[in-house]
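The next part holds the structures, each set out as structure tokens.
Below are two complexes that have chain A in common, paired first with chain B and then with chain C.
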Partner chain A sequence: MAASSPPGRAGRAQQVAWVLAALVAILYPIPFEQSGYVYYETVGFLVLLNAMLGIGWNIIGGWAGQFDFGPNIFFATGAYTAALLSIHFGWNAWLALLGAVVVSVIICAAVTYPITRLRGHYFAIATVAMWMIAQPIGATWELINGSRGLFLPVATGGGFVHGMLTMEFAGRGKGLGFYYLALVLFALTVWGARAAERSKLGFYFRAVRDDQEGAEGIGIDSRLYKVIARCLMAAIFAAGGVLYCFWALAVFPDQVLEVNWNILPMMAAVVGGLGRLWGPVLGSIILIPISQLMTATLGAGPLAGRGIDLIIYGAVIMLIAGWRPNGLLSLPWERWAARLLGRAPAQPVKS
Partner chain B sequence: MPALLEVEACTKHFGGLVANRDVSLVIEPGEIVGLIGPNGAGKTTLFNCISGALHPDSGRIRLQGVDISRARPERVCRLGIARTWQVVRSFGRMTVLENVICGALRRTNRVGPAHARALELIAFTGLAGKEDTPAAGLTLADKKRLEITRALATSPRLLLLDEAMSGLTPIETAAAVELVRRIHRELGLAICVVEHVMEVVMPLSHRVVVLDHGEKLTEGPPAEVARDERVITAYLGDRYRARG
Partner chain C sequence: MTLFLQAVADGLQMGLLYALVAVGLTIIWGLMEMINFAHGEFMMLGMFGAWGLSVSLGWDPLVSMVPLAVIMYGAGVLVYRLLMRRVQRGEIFTQIFATVGLFFFIQNGAVAVFTSDYRFVEKSWLTGLSGAHITLGDVRIGVPLLVGGLIALALFLILYLLIDRTDFGLALQATSEDRDAAMLVGIRPQRMYAVAWGLGTALVAIAGVILANFFAVYPQAGLSFTVLAYAIVALGGFGSILGTLMAALVVGVVQSVTAAYLPPAFKDAFVFGSYILIGLLRPQGLFGRF
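Up next is the complex of A and B:
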């Protein structure tokens, strides 16, 4: 269990660190907005979006221990539901987000219950199969306009506050607006995941992960809790999909079912620290800017088109995974922090 | 008033192998019953049938009159049977305290009360001081003790211990026997103990049931069973009897 902040100086240092981190997160896009480098706002948006999805994936993959290789089908159901509700019924974006989350959770419960009989590799294969089934459905279903996609109306005006309430931004303020929308959803995700981690759910998920028979023997319905874990993940992916569709102003099956929506959140969780609340956040902060930076610098120029950016990106991930298979959060950060403060910790602090 | 547990003509096959044939067994409240027999006699299979991990091919298992022959393990636990495993099944990456909290959450939905209950039970079973140790880092004796603690946390009426004392040193075994006695004395639970080590079961049990080749050979007070010719044969083989 995550220890509450230890008393005394270390506790205060931790509080200061949290406040600083929150300030950085809030103030991050301001200089870019001033100077016009709005691209970095988008990088921030993608970091937050993937961090949020990573936290979602961590619930099923890290806590419940069931590797899900097809979470992006709920990213897609979320994006499509919100787009349909917005286009056909004129729903407000936040209301559409709520609807998208509900629809995605229901779909997730229905398709997940049958495969909870499986475990380990077989569960993982079943989730891949679901994703493969989702692709032709997305490309051909007339209700969602098949591969021609859905288009959302482009906003015509309104200020920052109006934009935050409708997820519609006209012109220059879009990068900034979506950064803060992502920050709001990210904060909600962290808050929800933290509450789940400390509740009965968090204990039961980890019990099922560590020993399914053992868990059933003490009265835990392993199938039910696997479904709950995947539904929590589906809710977060759906919310992410909604955010993405209002950002992209369009929903195409090959975009929302793109493999990166599966792989990046998963890698963020593994690189940062599987099963730790802040693992995917750290992973996302490291991986997404590297990937964006590589593409922006090496994707152009004399080496363009040879995939050098992707090769280096892959090598970085392999290095981290090989050097620290339990994720970067498994490093003795607390000890280092204590040394930095100039004293040994009174007792080993658990995180 | 029905018995706490009634097993009625339980039969279980694995392919052509008969693991249990027409085994019947009754456990009354507050009783310690030893289930013994040589390796492969079908003890663990019977345990698995009772706890819902397996379902008997035929026969009935009732807990206080409620048929649990087809119930899933989590339901059997909810109805009041908790068990431990021959091969330990602790939650390795969770701490001792968290393991026991998982058990205590059977009777409450809130982590706070479960936490308090878990601490009480950890003190009771003698794991105090190891609350924050990851279960994977415990000795075998402590892992088995942890499983018993976690099982107790579900507030059972019947505790099934599957070889909770095998693989331990003599000192650890004595401590485990003492723990089972204390659980019986202070919590008043009915306990069913599977062991193939006679020296452990005999002094502990009020009544002993002997299985051999999947069938019930005999049952009775430990002293009588230990003198039973058939039991001696089952354990030591015909050669020993022939030599006298």
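Up next is the complex of A and C:
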């Protein structure tokens, strides 16, 4: 990387940029709350939710290099566990979230350990197979009410703080409340993923991805670290599922096992830049508004429900895979920025 | 016991059709070692082709099989030349993503054009035979499925001879064994890969045309067949054409026997479960040579 300014200045510029980004994230819903366009709060909620899931998928797909095409089974596990704990035992939402994460991680470890013997696309197909197995289970299991789904009670009152503590918002405050709930979980995810990336764990994951035999040669148990990577992903997906179930106030098997919970986080990671911490965030900021915009504009027209957004996603994935497989963040932004500001980079960067 | 034998007989017939779905993947994935997650989508296009020609021109699927196979051969070559050639030598994940993108593109393109409604090929020679059956002991074998299975078997044998007994097939195998060495003896690898994609695509489209006689035609028909085909190729051992046939028969029987005793929703679950099991216990496949 060619940094044209001394490290101190660049560091400060970066700090300013982070503070600005955080401010934008925190203040984003305020104007919409004031003006009543609460729909955009929901868009923000979905961006944060998918960015969070994307970071989770990036751990297994980007860092550990194992492609999981069925992560939504843990999204569903989280949503169902939290709903059951909340309905039958009256657990507080945050406690239920904790329970859901624990249950999902245990299930993930149990089902993932056997398939870590499979590599590359064999592993990928095994995850698809698990998703296919989960679908009839979700639709027929009586404990979770089969395809009739589970319903959560609608909140009757309580202010913003009460809502943040219980994930229940009555009336119009819901959009705002869930935006901030998603922001909290998103921030926790970023913090956790950043810590994991810089710890030994992150290096082990990448070692397993880049050279499994070599990693095993220096004593890294590749199967164990693949399981850990998928369990981290499962924890994040479970938390996302919990958030979703309290937002939707209902859990249906075809909704929580929907293909979008597989494809959007994965797309976000790939579009932004596979294996980069902020890749999924950038991808999500780009993709989710597009998909919402298309749903909104096509909503009443003859093309509604025809999967136009998925056609475009498909084309985007093909283009990125064929022409820029390392994602948007891999483009030489710094060089372009320097050129735009009229400064030549200190040394030519070969891309 | 009769129930069991009946299930086995049904399963064997379905297995022949599955073999035809899977053999295209054997060529692309098993032999040429390229991923294609859009495999079932080409089958779905074949089904829609059969339905479209049957509704608009009144062609029997067994007739429209020929032009559709030619068209889909071209489509496969095109996909290779425009997309897959770019991602072929990069990291494996680019291939996975390119074909997952293709999968979404084709499936939802079909949703946009045809909607997700179920459609049926109503007038065809095979559906006209629907009452006819042969009785063996207590087991009834329906003639339409039997004929479909026999067509599949015939195509399968032609393919086997093509790959295993002709110079062209040897060139294909040589390319998959060692691309650079194949180039030295005058084989053009790019052309071989393009032909393999064309063949694989045409075969799965033919499978779709035959299946359109028995199954509803709708845009989401492909995915479960894709996973099934992967399971079959993995079970059969890569690149082994006859292994694919055996594995497809096994899968067909497993599916119909579980369907006979358990709720139908679980019939695929058991097939995929057995894929995971075999992948763990016998990674070289049931009939793999190495």
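Convention: the second predicted complex is superposed on the first by the 302 of 351 C-alpha atoms of A that agree within 3 Å, B and C clash if a C-alpha of one lies under 4 Å from a C-alpha of the other, contacts with A are read in each partner's own complex, and residues count from 1 in each chain.
Everything that follows uses one rule, which is that a contact is a pair of C-beta atoms (placed from the backbone, for glycine too) under 8 Å apart; a residue touches a chain by one contact, two chains touch by 3 or more.
None of the values given here were measured: they were computed from a predicted structure.
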**Q.** Partner chain(s) touched by A:199 [first = chain B, second = chain C, both, neither]
**A.** first
Q: For A:210, select first, second, both or neither according to whether it touches chain B, chain C, the two together, or no partner.
A: first
**Q.** Which superposed partner A:325 touches (first chain B, second chain C, both, neither)
**A.** second
Q.
Contacts for A:308 in the overlay, against chain B (first) and chain C (second): which applies, first, second, both or neither?
A. second
Q: Could you say whether A:220 touches chain B, chain C, both of them, or neither, answering first, second, both or neither?
A: first
Q.
For A:128 in the superposed arrangement: first (chain B), second (chain C), both or neither?
A. second
Q) For chain A, which residues belong to both interfaces, chain B and chain C? A) none
Q | Complex contact set, residues of chain B against chain A | A | 51-53, 72-74, 77-78, 82-83, 85, 89-95, 98, 101-103, 105-106, 109-111, 114, 132, 147, 150-151, 153-154
Q. For chain A, which residues count as touching chain B in their complex?
A. 1, 198-200, 203-204, 206-207, 209-211, 213-222, 275, 350
**Q.** Contact set on chain C toward chain A in their complex
**A.** 35, 83, 86-87, 90-98, 100-109, 111-112, 115, 224, 227, 230-231, 234, 263, 265-266, 268-269, 272-273, 275-276, 279-280, 283
Q | Interfacial residue positions of chain A with respect to chain C in the complex | A | 61, 65, 67, 69, 114-115, 117-118, 120-122, 124-126, 128-130, 132-133, 136-137, 139-140, 263, 270, 274, 303, 306-308, 310-311, 313-323, 325
